[in-house]
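Residue numbering begins at 1 within each chain, and the chains themselves are lettered A, B, C, D, E and F in the order written.
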Amino acid sequence: MATKTVSETFTTRTELVLPNDTNTLGNLMGGRLMHWMDIITAICAQKASNRIVVTASVDFVEFKSAIKLGEIVVLEGKVTRAFTSSMEVRVDVWAENLQTGDKRKSNSAYFTFVAVDQNGNPIPVNQITPETDEDKELYNSAQSRRELRLLLAGRMKAEDSDSWKKLLS
Amino acid sequence: MATKTVSETFTTRTELVLPNDTNTLGNLMGGRLMHWMDIITAICAQKASNRIVVTASVDFVEFKSAIKLGEIVVLEGKVTRAFTSSMEVRVDVWAENLQTGDKRKSNSAYFTFVAVDQNGNPIPVNQITPETDEDKELYNSAQSRRELRLLLAGRMKAEDSDSWKKLLS
Amino acid sequence: MATKTVSETFTTRTELVLPNDTNTLGNLMGGRLMHWMDIITAICAQKASNRIVVTASVDFVEFKSAIKLGEIVVLEGKVTRAFTSSMEVRVDVWAENLQTGDKRKSNSAYFTFVAVDQNGNPIPVNQITPETDEDKELYNSAQSRRELRLLLAGRMKAEDSDSWKKLLS
Amino acid sequence: MATKTVSETFTTRTELVLPNDTNTLGNLMGGRLMHWMDIITAICAQKASNRIVVTASVDFVEFKSAIKLGEIVVLEGKVTRAFTSSMEVRVDVWAENLQTGDKRKSNSAYFTFVAVDQNGNPIPVNQITPETDEDKELYNSAQSRRELRLLLAGRMKAEDSDSWKKLLS
Amino acid sequence: MATKTVSETFTTRTELVLPNDTNTLGNLMGGRLMHWMDIITAICAQKASNRIVVTASVDFVEFKSAIKLGEIVVLEGKVTRAFTSSMEVRVDVWAENLQTGDKRKSNSAYFTFVAVDQNGNPIPVNQITPETDEDKELYNSAQSRRELRLLLAGRMKAEDSDSWKKLLS
Amino acid sequence: MATKTVSETFTTRTELVLPNDTNTLGNLMGGRLMHWMDIITAICAQKASNRIVVTASVDFVEFKSAIKLGEIVVLEGKVTRAFTSSMEVRVDVWAENLQTGDKRKSNSAYFTFVAVDQNGNPIPVNQITPETDEDKELYNSAQSRRELRLLLAGRMKAEDSDSWKKLLS
């Protein structure tokens, strides 16, 4: 089992908002953006594992500002941590108006992927080594985000989660 | 301001999984499914508010079982509760193999939409009246899901949330 | 060979009219609507037969009212009757403006599908049992619609069709 | 009001069958083909009228042979006759396998379009002059096809239709 | 090895410019047009070779006039000459406004395709016989265009190219 | 008129090759790749000019290696030089197989864009300053590529081009 650095999984994609991506007000629809976020994070997880991956879950996503027709969307993803056969991937999204030069953060999200073999069964993945301070912080906090997922999925109780006891105390 | 029943917002959609919806294993990609979930829930929120709506957030979504090329996906959405200008919409997703007759629950999720005017500013929405026991239960639990969203978005502290103090105690 | 009820084949789909679905006036193009009608009716025929199906024919379709960009389209399909290896499926289409609440019938059509095996050869299908009065009426009238198809396809003469002799006398 | 010849409205289009156009057996879906037929015939009607047009109806369409992934589809359309503000357009469809050289007729259909002004109201159209024997035959038979449409749409009785009385006698 | 005439490879396609094909000014994007040009020329090369083909190169393409949303684009392609396993295909593009009747040449381009076997390896192709004067001229000038390609690809020196020595002297 | 550095125009995009992007052999079609190359280079030109841009021309493009279904494509673009109202943009394309880790250069190309105002008329653009040695070399060689374009477009004679006289001597 090899080890990969976070930076080896980094992936970026610039999209142009076209008419069919927008609602009646000319705003990018949230579902289209989630579709793009899923593709970019799936590529990150494939880079980390050299395996086919399937989306296991998406954490709470908030859409903070409207993105308009003709603007561009920049998505940047990276794997923050690998567990046995799953990987947490963070994606940051910016919107940019190339006529005005206005660039603003749209949102961030965490996707979880599972690496699978040709029959679709989970298989172990390469471990991920954080190098920068930011990546180390994301690596360390991945454990409590994971416990929140188990909590929300009904597979862990709050009292069994050290992270949550600390967070909520 | 009118009042609508949950059942007036109910919307359903049957999709066929086509090649471009799938990954290399022939499984429906998570992002495509989220795109479909966003469209169906946006329609529910429009039925409730008779307004243009924008996606404000998506709660934690888990993808439990692979959906294959050629299978159908049934999505059922309904508004569970309206707040000032936002609405919580629940969507349930089933996958079905029409050759074998196998039908299975894929997942559920909660989307939040905000009704906006032609300038994109939030405007008040119709209130929602639950009628069935299930709808009443979803209406009542909407408040604690809302507090979790505020908590996760960093706009509320855990100690200010009655629902969370109860849940986590 | 099993028997299915009409209601077991019932399928519904709500579509949102997006920019690429429309012509220069912002009206839904007829061909896009027929594409949606074909998908929904194919799913009905697959539910009835548990087989892969291919479109055999489409009866006369009339487009009565313009459907605009941003409106929703509700399609409801059901198998009305099965013959040896073919099935007649009826689809009803409504358009709805969610801002004004205006809902209107767009049109109806009958599609015919043939169930095929992996080599594309026709195979016998499950019979369909109508239960409601409406479904019984559609079941009974399916025979004359079938004779019209044979007539129009040049495979039957008008004088050999009891239904047509009656209708046209 | 100008006059156009049938040949001035002639339009052709060669399509390549791509994965998303096909069902699980790799056959072109009927609805996709109808979508293509609608676009080509709409272009014919626009050439004839120099107006925006909307699909009014589609006559009975039969799909005679499966068209496979990777094959090409050739569509040829022309306006056969103009009435007050409507036009009948015939489209012929061939499938061709470029590896084997096999070329076969797939089907034909008649689409009817109405020319509209910017408010979507019907407006008079240019008349169409047939020149070849084939075009004259199609021009002449257009009247009885039109009466069949009115009959099927419930807007004419069989006994009021000379064409039908003759055809069915 | 058979021989084909240029006219046997002729292929045409009429496209309608839809919203998603256009930029913020409502003009057809150059990349979408190149996509259409590639499909039509690939079909020409398949007609000539009865083989699967892959795009090897595209010569300099100039976009002379804006094509607007709602206009139609007519593409006409034909193989001008075959070499060992490659074929040069010329495509001419016109834009047409069906409301005003304005029709104008948009551009021309030369695509080169290689015929391949099921493993993707190049295989010999049918030779092409020009019949008209125009086709003979294109056949003869194909050699110097080929030398320019080799020159631009860095696989030939200018002094080894008779055509270029002549052209540039 | 402001000045921008080459690096301010740098844009990257990672694409996943999906079924509809491929031909019968499962290879990415050249036209789809050109479509992606056009979008990324248009974004570079918009970043440089803060204007709407239209594709003016594409230089000779060679496709060196097949890119397969499920592989990823990385596109990197940057403006190399601005002229009065046009900009030359270089795009480099890599293909990568995330299962094997194999990464290979696919090709490069130069696109030219013109900045336009709301009426589609050309307007002056910001000048571009190269900073790295590579960018300086591309800036300097842009002049001879521009002369080749004028030569190929028939708007300059070879004997009037210093670059070409030198290159071909």
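Basically, a residue touches a chain if its C-beta (ideal position, glycine included) is under 8 Å from a C-beta of that chain, and two chains touch if they have at least 3 such contacts.
Keep in mind the model is a prediction, meaning the values are calculated, not measured.
> How short can a path of touching chains from subunit B to subunit E be, counted in steps?
2
> Which chains are shared contacts of subunit A and subunit D?
B, C, E, F
> What's the farthest chain from subunit D if centres are computed as the mean of the Cα atoms?
The most distant chain relative to subunit D turns out to be A.
> Please compute the angle of the rotation superposing subunit E on subunit F (C-alpha atoms), rounded to a multiple of 5 degrees.
Angle of the fitting rotation, subunit E to subunit F: 180 degrees.
> So which chain is farthest from subunit F, going by the mean of the CA atoms in each chain?
C
> Between subunit B and subunit C, tell me the centre distance in angstrom, where each centre is the average of that chain's C-alpha atoms.
Taking the average C-alpha coordinate of subunit B and of subunit C, the gap between them is 30 Å.
> Report, in whole Å, the distance between the mean C-alpha point of subunit B and the mean C-alpha point of subunit F.
About 42 Å, centre to centre.
> List the centre-to-centre spacing of subunit C and subunit F in whole Å, with centres computed as mean CA coordinates.
49
> Two-or-more-chain contact residues of subunit C, please, as numbers and ranges.
19-20, 23-24, 39, 42, 52
> Let me know each pair of chains that touch one another.
A-B, A-C, A-E, A-F, B-C, B-D, B-F, C-D, C-E, D-E, D-F, E-F
> With touch defined as at the start, can you tell me which subunit C residues reach subunit A in the complex?
18-20, 69-70
> For subunit E, which residues count as touching subunit D in their complex?
Contacts found on subunit E: 11-16, 39-40, 42-43, 46-47, 50-52, 72, 98-101.
> Per the contact definition, I'd like the list of subunit E residues that touch subunit A in the complex.
19-20, 22-24
> Quick one: which bits of subunit E touch subunit F in the complex? Just the residue numbers, please.
Spelled out, the residues of subunit E in touch with subunit F are 23-25, 27, 29-32, 34-39, 42, 52, 54-63, 66, 111, 116, 118, 120, 149, 152-153, 158, 164, 167-168.
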